[in-house]
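Just passing along the structure, written as C-alpha cells.
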C-alpha cells in the first residue's frame, strides 16, 4: 500500500536507498518467508512481503481427499500446533454434518489445545528472544519445557508434532494410564518456570528497549486488518474466540483474557506470558474435572462421511489467532470447497505498516512478535 | 643472546595466545552450552577436549569460496589485515616478571593506533564481498568502532593522567603495593577506577563486536554481516582476529585497572606476575562469554545513543573525578568528592537517556468475558 | 638505516601515486591509508615515536576510516567501477601533482634548510612534549580545542537536517 | 443479533438500489448468507461495518468457490391428456445451469461480539478474468486473502490496491483452485529450469 507520493519520494532519494532481500534463506524469517526491504540507511522505507515459497496447495489436495483423510494434512498447517488444527477442522465438519461430541472428548480437546498453546508460546518466547540476538539461551529453556509437553502428546497420540488426534465426534484414543497425573505434574511445575522467565525477561533493559514502542498497532486498525489472537489483544481489543463462541466446553472454565494497552512488540510478548497463566488455569480445572464416558460419539461416521449439502464455517482460537475452516459439501465423500482461514497469513497484513519507519533490526523483532508459521502462511 | 631471549618471549606469548584461542573457542561453546542447559561439544576426545583441533582441520580443508563478483585481492587481504595488528598488540602488554616484550614509552598510543587498523579490515571484508549484507555489516562495524573508540580512549587516558605516563609497564608499577598491608593499590579500587574499568570493559566489548554490541554480524538481521561471504581458513582467521581482539582488550583492562601482574594479596606474591596477569585475563574473557549467553542485542540507534549520550559524557566526568581524586589525596575526601560526582553524573545521564525511552510500567487487563 | 628509509619512501611514493591514479574509489582510499601508515613509519624511523603513532592513530585509524565510510554512504554503486585501472584524466593528475611538488620543492630549496647536514632532532619524550604543550604552546592548544569543539557542534547541526519533532509528528499521523 | 431479514431490510433502506437476497443453507450449521450484487457490494459492506447496531467490523474469512456448469434434473409438472383424462405428471427435464465463481466473506462484529454474517458475490460466468469489486478498502483484512483468491481462482478484484499473485509465482498462468484445472504434464519445465536456462 504505497501511494504515488511515497513512490516519488522514494525514487528521489533512490541514490542513497538500499534494496535488500531478507529471505527466503535468511536466518530469522521463521521459515521460507521473504521480505523485500528498501532501506534509507538503517530505516525501513518500504517493505514488501513475498509469500508462497512453501505453497503446496493444501486446499486443492483436500478437495480430492475424503473428509477423514484430510485430518493428517491439517497437522502440517501450523506444524507447531497440530492439535488445534485438528480441532478446528473437526469442529467445522461436525457443524457441517451435525455431529455431537461426548463430554469427555470435549474435555480432552480442551486439555490438548491448551497444552498446545503452552508449548507454542514457550517456543515463541525463545524465537522472539533469538531474533533479538540471545544466542538460543531462552529458546532452549523454552524448549526444555516444551519437550515435556511433547512427551505428553507422544504418549497420548503416538506422535510428538503430527498428532492427528481428533476425529469427527470425538478423539481417536483415550488417555493412557497415568497420563492425567503426569499432565497435572507438568502443569503444576510450569508456573515456577514462567516466574523465572518473567523475572529474567520482562525487566531486562535491552529487551524493553528493543520491544517497547516498536511496531505499534492501534486497536481500530488491528480490527480492520483482521488481526487475531495475542497480536490483536495486545492492542487492547477484547476478542477471544474461546469466550465469544465458547466452542467446546470453554464456558465451563473460569479464565480471563489478558489485554494489552499499547499494541507494540512488548505487549505482544507480555500477552503470551499472561496467556500461558490463563491456559494453566484452564488446564488445572479440566484435568481435575475430566469426566468419564466415551471419547467418541458412537453414532458419528468417520469413514465415508458424506455430509448433507451445504456449508459451514468453524473457527477456534489457535495459539496464533483465529483459525477457521470453511467447508462446502455437495453430498459427496470429498469436500467441494475446503478453505483454511490461516491466522498467520492474515496477521501479516499489517507487516509493512508496522515496519516502515523502524530500523532493520526491528523488522526481525516485529516479525517474531507476530508469530508466524510458514506451513500455515503458504499452505 | 638478546635476540634469542626476545625470540623465546615471542614464542611463549604467541603460543600462549594461540592456545588460549583454541581453549577459548571450546570454552565459549562449553560455557554457552552449560548456561543454556545443554552439553556442548562432547564427541571429539575426552569431554570434547579435542574439538578445537577438529575445528581447525575442518577449517583448513574446507573449500574457500569467493563470490564471483567479489574483489579477490581485498577479499584475500582482509583477514590478514584483521589478524596482524591484533597479534602486534600482544607485544606491549605488561605481563611482568621478565616476560614483557617491549616497554614502549607510548605504549597506550601504540595500542590504539594499531587496533584502529582492524576497522579498515572490516571495511575491506565487507566491501570486497559484493554482498549487501556484508556492506551493511561493514557500515555498522565502522560506525560502531569509530564511535566507541572515543570513550575507549577517554577512559584509557584517566590512568595515564594519574600515573603520568603512557607506558603500560609504568602504569602497572604505579599500581603495585598494598594499602593497609592487604588491599592492593589497583586503580579499580578507586571510585574513578571502578567506573573507568566498567566503561573500558563495555567499550572494548563494542570494539570487539561482542554481544550485546554484535550488530555488525548480528545473525538475526544481517546473516553474518561482513563475514557472510567468508568460509574456510579465511573465516577462521577472522574468528581468530576477533578473539585476539578480546584478549588484547582484556589485557589492556588488566594492565590499566586490575594492577597488571600484581597479586591480589601480599601472601600470594610468590606466584609469578605473568601468571596473575593471565589469570585475570582469562577471568575477563570468561565474563565476556557469560555476557554473550545472557544478553540480547542492542539496536543501532540505541547503541549510538549509549555511546554518545551515556559513555562519552561519563568518561569525561570520570576524567574530572580522577583529577579530583588525585588532588584530594585519595583519602575519604576523595571517595566522597569523586564518588559523589560520578554517582550524580550517572543518575543525571540515566535520566537524560531514559527520557527518550518509553515508559517501563505497563498495565495489562484481565477481561473476564 | 638508509635502506629502511628508502623502502619507506618507496612505499609512500607508490601509495601516493596509487591514491591519485587508481580509478576505483575504494582502492584510492585504501592506498591513501597505506600512504599514511608509511608516513607514520617514516616518523618512527626518524625517532619521533609519539608523532609516528599519532600519525597512524589519527590518519589511518580515523581519517582514512572516515573517508572509507563516506564512500560507503554516498556512492554504493559507483564504488565498483568497471573499466581501466587508471583513470582517463591521469595525465592531468600527474600534471597537478608535479606542479604542487615543484612548488613545495622550490620553497624548501629556497628556505635553505636543506643546506648543510641535518642535525639529528633532540631526544623527545612524552614528558617534554606534554610540558611544552601546556606551557609555551598553551594558547595554540586551547585555540585548537575551541576550533574542534566548534567543528563538532557544526557537524551536529548539519546532521540534524530534519527536526526531531517533525518526524515524530509524521509518525503519529501515519497511524 | 439482528436476523438476516432485518439486515436485508436495513441494507435496502440504506442502499436503495442494491439487490440483496438471502441464500439459505440446509446443512446443520444453519449458516445462511446474503448475496449482494457486485455493483453495490462496497457500499453494502461499508454500511454493514459502520451501522452502529450491526457493526460488522471484522472480516474473518475471504474465499472463492468455483461452481462448474452443472446439469440439474428438475421435475416439472406437465399436464398430459391420457385417454381423455387430464393428468398432472411430473417429468424430469435436464437443465444446464451456467457455472460461476463466487466470493464469500465471513463478517463478524468484534465490538458486539456477534456473527457471522456471510456475504457472497457472484460472477456471471467462469471466464479467465472475471471481475468483482474488492472489499479491501472497507476491510483491510481482505487484502491478502483477496490476492489469494485472485491467485487461485482468477477473480480480479477491482479497487484492490495491490492486485498481484500471492502464492504462485508471477509467471504462472493458470489458476489452480478452479475445478477444471489440471496440473501440467510432468515433462513441462518447472520455473526453476526456466530461470537456469541462459537468456538469449
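Just so it is clear, A, B, C and D label the chains in written order, and each chain counts residues from 1 on its own.
As a working rule, a contact is a pair of C-beta atoms (placed from the backbone, for glycine too) under 8 Å apart; a residue touches a chain by one contact, two chains touch by 3 or more.
For clarity, every value in this text was computed on a predicted model and none was experimentally measured.
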B-C versus A-D: which has more C-beta pairs touching?
A-D
Please list the single chain whose C-alpha centre lies closest to the global protein C-alpha centre.
A
Could you tell me the distance, in whole angstrom, between the mean C-alpha positions of chain B and chain C?
27
Measure off the straight-line distance from the CA centroid of chain B to the CA centroid of chain D, and report it in whole Å.
64
Starting from the mean Cα coordinates of chain C and chain D, work out the distance between those two points in Å.
70
Give the residues of chain A that touch two or more other chains, as numbers and ranges in rising order.
18, 221
Going by the touch rule set out above, which residues of chain C reach two or more other chains?
73, 76
Which residue numbers or ranges of chain D touch two or more of the other chains?
none
Chain A to chain D touching residues, read off their complex
1, 51-52, 55, 57, 59-60, 95-98, 221, 223-228, 237, 239, 244, 307-315, 322, 324, 326, 328-329, 336-337, 339, 341, 345-346, 348-350, 378-379
Touch list for chain B against partner chain C, complex
69, 71, 74, 104-106, 109-110, 112-114, 116-117, 119-120, 123-124, 127, 130, 135, 138-139, 142-143, 145-146, 149, 165-166
Show me the residue ranges of chain D that touch chain A in the complex, using the header's touch definition.
25-29, 31, 57-61, 63, 65-66, 104, 106, 110, 113, 116, 118, 139-145, 148, 152, 161-162, 165-169, 176-177
Per the contact definition, I'd like the list of chain A residues that touch chain B in the complex.
18-20, 26-28, 42, 129-137, 140-141, 144, 203-204, 206-210, 212-213, 236, 238, 243, 256-262, 264, 266-267, 270-271, 274, 278, 359-364
Touching chain B in the complex, chain C uses residues 26, 30, 33, 37, 40, 49-50, 53-54, 56-57, 60-62, 64-66, 68-69, 72-73, 76, 79-80, 125-126
